[in-house]
Amino acid sequence: MKQTFFQQLRSHFKHGLSAELAEPQRWVGSFLFALTILFLFAFALGDLEEKMKVQVLTAEFFLCSFFVLQITHLRIFAAEEEDKAVDIIQSYPTVMSTYYIAKVLLAILFSALIIFPFLGLMILLHGFPALTGKFALIAALSVVSLSALGVLLSWMTQKAFGRELLFPLLYFPLAVPVLLSAVQASFCLWGLAPEAMFLKWLSLLSGLCVIYFTLGFLLFDEITGWE
Amino acid sequence: MIENPMLKVDQLSFSFQHKQLFESLSFELKPGDILHLKGPNGCGKSTLLSILAGLRKPSSGQVRIKSSAANSIEARSFIEYLPPEKSGLFLKMTARQNLSFWSSLKDRQSATGEIDRCLRNWGLGSAFIKYFPTQRFSTGMKRRLALARISLSQSPCFLLDEPLNGLDEEGVHLFKNMLEQHRNNGGSAIVVSHESQILKTLFTDQLTLHL
Amino acid sequence: MNLTKKDKKAFFLGAGVFAALVLVWTSAAWLVPAEAFQGEVYRILYIHVPSASCAFLCASLLFGFSIASLVKKSPQAQFGLWARASAEIGLFFTVLTLATGSLWGKPTWGTWWTWDARLTTTFVLALLYGAYLLLESSMPAGILRQKVCAVMGVLIFADVPIIYKSVTWWRTLHQPPTLNFAGSVPMDGPILRTLIFSLVLCVASCLWFVWQRSANLRLRLLFEDQSFRQWRGV
Amino acid sequence: MTNTYITAAFTLGLLAFLGLALWLFLQRSRLRILIKTLQEEEGERKDA
């Protein structure tokens, strides 16, 4: 009666999707957060010289996506924790790594749902020159690697006291290389950094995706089940 | 041929922050047995059930479910666990979504017809229940939905912690029928409950934990 | 003062290492000949480089103990305590590295803090150690805490080289590393010897600190168990 | 001017090491005392 890997992955993902859709206020909240960032920067931007403007807009974009990701990851297990469905999932014959992968995919889906429209708005309103495939690739890679990391940390801190304070303190230092390479890679796009470095930063970003995903995939089993 | 026991516990002991809950506990559960777990509050009944459900690691001793360790995937496919206070539901989702998720996890993929019949059996068949999130259910109805999940799964071994809390007359009656049917089909169960008079007829043997 | 004989021996050994360190550092600070380009201020290297290496050594110690506590399932093995001790001592050495780094930066670059590749990496490492200790203190004692902290230890170790690589790429655009471990500073004769001496002694004292701190943690655990058992009248 | 930074760095290093060793030493002796009083208590309880 043992389910295959993909069957369980599908049922976790399908169920998680309807769980997220059943509770829209969670990710609508972070969309409103993104809008506030958009307006704040619009007030503060003024008329900067072109090179400076691009730098500030890049900072705005990655600052906002980092916090949207953090809000999403902090609440990713809320549906299960509410009525202790987590215990039932762990008492069921679930392959916990499929549960991890399903949650990471959901985190990526719902944060991308907020971050990419936000990017569209920035391009429209501020003339942010990010309408290139390369920048979309950078944004996608950083969302994926941060989601793989965020879901793992969110499960780890589930039973900790003062979780809302602890989670960002764990999340930020581990996210430094992702944010750094994302910002520097996008600077290469606009001539603020040597062109040759773009591929290096991209390889580092994708390396981070692989590392955080495999670590999460392997280590997730260790922190579930018999606690 | 003596059938191999459904669940075998030997020399199990558990201490939580230096408080010894139980010491070298051994018992067996054969198919068709309904064990009543009794004992004063705080003697570790719920802890014992969570160990058997593979949620907690015992300090020492072994738990074998159909000859595989309690926290292995094979063992988990045989048991069905009901937590004491909370019923383990997705509160923002409807009763149908809850049941279809749990059945898909146990490779049963029960069709909506089967789910609806199960809901009707437990008196949860009305339209209101089909379309509204379970957070609007009363405790009794939540308990019935959790018991519906357990009966739908048809796993051989049930671990039920205070199944009757919140249930009304009809609920208790439905639960007794389910347990009886489960026993006749060769299933086994461990029940932690304080209303032992109501369920006395169903229990085959009992185990008392002391403080 | 009723330390056992074993304690006295351990602290005596520690005092010996410390005395040797005092000797090497005082000679490094004043006696060893000045370096051609930077004059006197390069001497801070003798304390900055060893403490930085100890900071990164503690990261690998933390990694080793985390893997051990993940693999070894026996609850008695106190790898969790060793991991925590190495994280605490690691934090101590990262702060020391940052302090000596900025003391070295002031005369060389005229500012207390520069986003130099190694300083930034050490700064992030300090954040990681702080995060690890905060995670451990905010979870109830038990097997889950041990496993979660071990996972954090693995994440830290996996992250340090990546941080170092990315920060070095980032900083080399603006100003090439004037001094790195192998070093543009001509390493020969007395300079190299003193550096190796202070490095060896610094590593020795780091291991000693980790060892003593974990012994204290084990002792406290023993005291807690015993007092609780006594209170329970077991 | 520069050697003030050197002396500052080295004294900081040595003081830090000394402080840490001292902290460990005091902690160790405090724990030993606590455990001793515990054992004495245990002894008294056994005799009583």
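Here the chain labels run A, B, C and D in written order, and each chain numbers its own residues starting at 1.
Here, a residue touches a chain if its C-beta (ideal position, glycine included) is under 8 Å from a C-beta of that chain, and two chains touch if they have at least 3 such contacts.
Small disclaimer: the values here were computed from a predicted structure and weren't measured.
Among the remaining chains, B is positioned farthest from chain D, on the basis of C-alpha centroids. The most centrally placed chain, judged by C-alpha centroids, is A. Centre to centre, using the average C-alpha position, chain B and chain C are separated by 50 Å. Work out the mean CA point of chain C and of chain D, and you get 19 Å between them.
Separation between the centroids of chain A and chain C, computed from CA atoms only, is 32 Å.
Contact of a single residue of chain A with at least two other chains is seen at positions 226-227. Multi-chain contact residues of chain B (touching two or more other chains): 57.
Residue positions of chain C with contacts to 2 or more other chains are 143. Interface residues of chain A facing chain B in the complex, by the touch rule stated above, are 1-3, 7-8, 11, 14-15, 18-19, 22-23, 79-80, 82-85, 87-95, 225-227. Here chain C touches chain A in the complex through residues 70, 124, 127-128, 130-131, 134-135, 138-140, 142-144, 147-148, 150-152, 154-156, 158-159, 162-163, 165-167, 169-170, 173, going by the rule given at the top.
Per the touch definition, chain C reaches chain D in the complex via residues 1-4, 7, 11, 14, 18, 21-22, 25-26, 28-29, 39-41, 43-44, 47-48, 51, 92, 96, 99-100, 103-104, 106-107, 205, 209, 212-213, 215-216, 219-220, 222-223, 226-227, 230. The part of chain A that touches chain C in the complex is made up of residues 149, 152, 156-157, 159-162, 166, 169-170, 172-174, 176-177, 180-181, 184, 193-194, 197, 200-201, 204, 207-208, 211, 215, 219, 222-223, 226-227.
Touching chain C in their complex are the following residues of chain D: 1-3, 5-10, 12-14, 16-18, 20-21, 24-25, 27-29, 31-36, 38, 41-42, 45.
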